[in-house]
């Protein structure tokens, strides 16, 4: 089977569901419903180590790729999530080369980084001996830096050039908010749209992965056309709320 | 505000979501999505006392009516769920007057039944002093006997006549399975359809509530037309699985 | 150290706190606060096997005796709670000799009863080899039948005579409710007061333990004077609610 | 892949680990460690619906067969465990044909029994549509009655003849305790040994499965030789306690 | 209804209970017992994201204001708690303008700070659309810097002047410990008392909120008189331990 | 009883089990199995605050010393674990004096460090009044800096000289990985072996504690001979996996 890293680097599209409610069975059901990947969200979602541990195992059960997003600056948790079986980690608010380096240090083993040894659960979920895990880890573990501020856009090429950073991931909400200095949340505005295109172009030019959070299936397709290979769409809270609303409304009594 | 008992007896329709995954936030989201009632399912769902306790509180937060279904014959749990705040309890596989009486005994205080005293959490969720809870309990607590076998249909009028039984609730899957002696699951077959109509008619004639589990919004409307006032539609597991599938499919990449 | 059975039979008073919220640390804090015993309540409290397992261990940490009350008629849970370390089990609504016998069967090993073998956790909490646990179990495990209806009072002597029943436990709320046929909850009424005295007298005459749920410290003392040795007073939910109310009110701002 | 029922009926040996601590990861680790089956124990173990739900999924992850033991007489839980994905259920203390019939009724669909419809999670874990689950359920779901008293031994052939009972399972501890009327726990005594042989012979003669709890690997082999195909050996609590003890002792400091 | 920010800024007193045990029902009971606010404590309490998520929802159920204290320097958790519904966050050990700025950055949206977008649960608990949440967030979200060292006192005016810092919160235990260089814990000593007065005066002069942890109702009143508007009194662990002790002692048997 | 600090400083050996699975009962069972200490691992194990809180209490029940390892750089969690009852904290990847000082600041009260006041649970587990806890805390709380990189080895003496650092703890896996610049994991290689000896020698010379993670009982004895007093051996995941494997293999059917 193809690793997530290979798949993303080869240009094949990956759509990931978004696990916010910290409920492992929902991560599993996203996989069973057709998602090829699920992301546990520690930044704006309610996940903690316990729910992430179970959700990552549930993804193995469902046969999906396993991603996780950490809270701002919490690189120690990036290491922990890899140890628990995440195949990719997304770090929010990477605004400088220094922040990108610190993130890469936590997610890659020496000599590339400083990740500390202890991936027993991850190797078990992969069905690999520890040596095999070590051999493949730096190659197959995906570290994605979020680009979601003007500072980050300005530093984009330098961030993309950091060894151990495998790609970038765009947060359109924060990007539109910071590009307008907090004035409005206009994800479809010209500045944001332009930045989103630029980011994909530069990532591709650098031979790295481009990912993005999408608010609709249309945006997923748009992003794909723009050169993104990793598209997030569908958070469990929103999906279920909408499904419940639709179901009740369909009963016109 | 109108109690669930009053509402159902007055003939107003109530559509209840179905909580199977034992995840309280999903019960809350069904309420926020528009459901006026949610049922925690201990029979075929994964609920236990801990998840039910939290789900019942989550329903108060969402402003929905609170129902629960017990495992077959587990009347002690019926009492416990009322103590934890359920406003109605559904008992599966009530096939005889004796079973109906035992169920009513567990859900109604003397002299109607033998429910034991201890509704501290329920009264708290209602914002009532204990005396006020006691005064209203037998009147407002709804006990529903499931009619889902030929024996139950045969005993229908006698079951409806049991003091403390407030109504019946139809399980079309088991009904079609038992009416065909296990031959097939034909919820729309003639026998099942006829039984479903008969049950509503007799319940209405007895001045009692008729409820039913529905497999689609169309079935909800059909049941309503047949005289049912309580219609269950939308289990969390199915709703979410379908929503995830639809979301992923909408992303044509 | 003296076993709970010995202590109760010797006539020494034991006051037990009441764990309803299914929160193990509160059981521990009752012990640390001075209670010599705590009861986990599966009937009107929110406990389940998981919370009981932890609460029983927390009681060992706090050095208290360990009791549990089961739901009505749930003798299988009585066996389970003993296996998890309970030293006494209280069964509600024992209204007949048959019910008393079934309860004793579940809590005593052969030849006295039919309890099935598997007390590994209980023996571990006691620091005993399994053989030593078996040798002492029937002698030191306390089975208490609740007397809380007129039928139970009528059958009192016969219930007390059942081998394996170590004593009775009075539920004044249900007793007053059933003695008045549901008319009112008058725990201090004449009928209830008289029944409470009678029960202690007969238990003492039969050489068995008399226990009772008390609504105030005064009632504890009254019960003690009447011949009871096990008095329950102080449920976690009520204690904490009152403590919070008192604390806030003391801040007159 | 061969179903558990087929495997057991074909005479192939199955050794099951025993999950008592209600810790799903330990069930998974038993599977990863080589066990081809794991049993979640609700009778003497600490499991409840929540831990069982997770442990059964963990077994799918580890690729093992999935069994469960219910508390005494708790047939409603037998149905629930099948709905959550158990492939076999073991019922303790089946001492009469009536008890065997009630157990079979709860575990087999009509016309064989009265199991109620709702196996959504089980079918999902099997990767089957609901119809396919229904078609195979009565054939592949294994119902095992525990023979562990003289009454049960006396009724053995009649119990084995109950439609829907797929086999028997011996509890040597209770058997030795009850055969000696509580006098001693002599699992290797003559009476117990003889009964164990008789049970296997009669089960085989009736074309049904014979299972047994074993206290050592030697007993597993002995049971196998006596005709048993399902042997339980290795409870998580005991295995871990012994492993910790051995590990510490090996460090002679 | 008045927001917490408005209330505190208007000079109305708010007394907050303190949730340390990480038990959501206790937070709810503090609200039901009369507290108008509850604080979940991640620094010295046992809370984590899971318990905080439930406790914040329980506070909505009880109708109280919702506060949280983060561990030292853990600003990522400040953002997370706001996303989960906290209306105010208290940061311990803010000893410099730099630390105050970093804290404000994590709790305020641009242009005031750098809080990242994702308040879906908070908006849901408020019953607000996301746009409305964004519009009010910086105005109604309260960021309180703890002043509990000599360095902090020295930097007080500068900390109070940091945009996005809505006020200060005094920790008298640490303040007395650090003012005496670890020599003793004398919360009523002259130095500490004087500092406590100075802090309120300066906060008031700066038009910002002054809050403080109090060891008794008397201290609450004293603080109120000194100009504080937010007073914490009553930790769940201490309240329950004292309540249990008082209850047992009242039973003089 | 002798404190962990005293014992380690006196030169008595302490072997600690390693709790990775975040399952409190396994920590307890390690103690009951003979371990005199257990370490909860937040770095490579699955622990979080909730599981650590319960595991630390379980260790008191089992009578073992209580240690914890934090994630890289997460000093706020070091403080929290001490508040919850840890007697020693191990900090990974301490590569400089600055990092050592920041760690010591978080674990020692003034004037030695900046630990904030709030050890209510720890004092309760110790059975001590808060004043007594404060008096002993800096003396009896053990802060161990992990030496596991060439930079750390180079800074060893300076790290050992940091006030508040009670000793060092070697991670041989990371040490061998970093000494070889990621080339291989050769824990028995010459460079690693030499470094391990050097570290013990320098720690002893500085009058401080030397601890180390060991991969086998032989390594424990070797470390002891080299001058180490704290040896970690036996992680719950590995112990159980091996025990399950051995148990199943012993059944040759």
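Some observations on this one:
First chain written, first letter: the chains are A, B, C, D, E and F, and each begins at residue 1.
By our rule, contacts are C-beta pairs under 8 Å (C-beta built on N, C-alpha and C of every residue); 3 or more make two chains touch, one makes a residue touch a chain.
Just so you know, these numbers come straight off a predicted model, no measurement behind them.
Where touching is counted per the definition, the chains common to subunit E and subunit F are A, C. Using CA-based centroids throughout, the chain positioned farthest away from subunit B is F. Repeated interface, listed pairs A-B, A-D or C-D, reference E-F: C-D, with more than half of the contact pairs matching by residue number. Of the two chain pairs shown, A-D and C-E, the one joined by more C-beta contacts is C-E.
Our note on geometry: subunit A versus subunit E, Cα centroid distance of 33 Å, whole angstroms. Rounded to a whole number, the gap between the C-alpha centres of subunit B and subunit F is 53 angstrom. Distance from the subunit D centre to the subunit F centre is 41 Å, each centre being the mean of its Cα atoms.
Multi-chain contact residues of subunit E, defined as those touching 2 or more other chains: 32, 48, 50, 237. Every pair of chains in contact is given here: A-B, A-D, A-E, A-F, B-C, B-D, B-E, C-D, C-E, C-F, D-F, E-F.
By the touch criterion given at the top, residues 20, 22, 42-48, 50-51, 71-74, 92-93, 148-149, 171, 173-174, 177-178, 181-182, 185, 235, 237-238 of subunit E touch subunit F in their complex.
Residues 28, 32, 54, 57-58, 60-61, 124 of subunit D are the ones touching subunit A in the complex.
Contact residues on subunit B toward subunit A in their complex (touch as defined above): 13, 15, 17, 21, 23, 25-26, 29-30, 32-35, 217, 220-221, 224, 231, 233-234, 236-237, 239-245, 247-253.
Interface of subunit D with subunit B (complex): residues 48-50, 53, 75-77, 79-80, 83-84, 106, 109-112, 114, 116-121, 131, 134.
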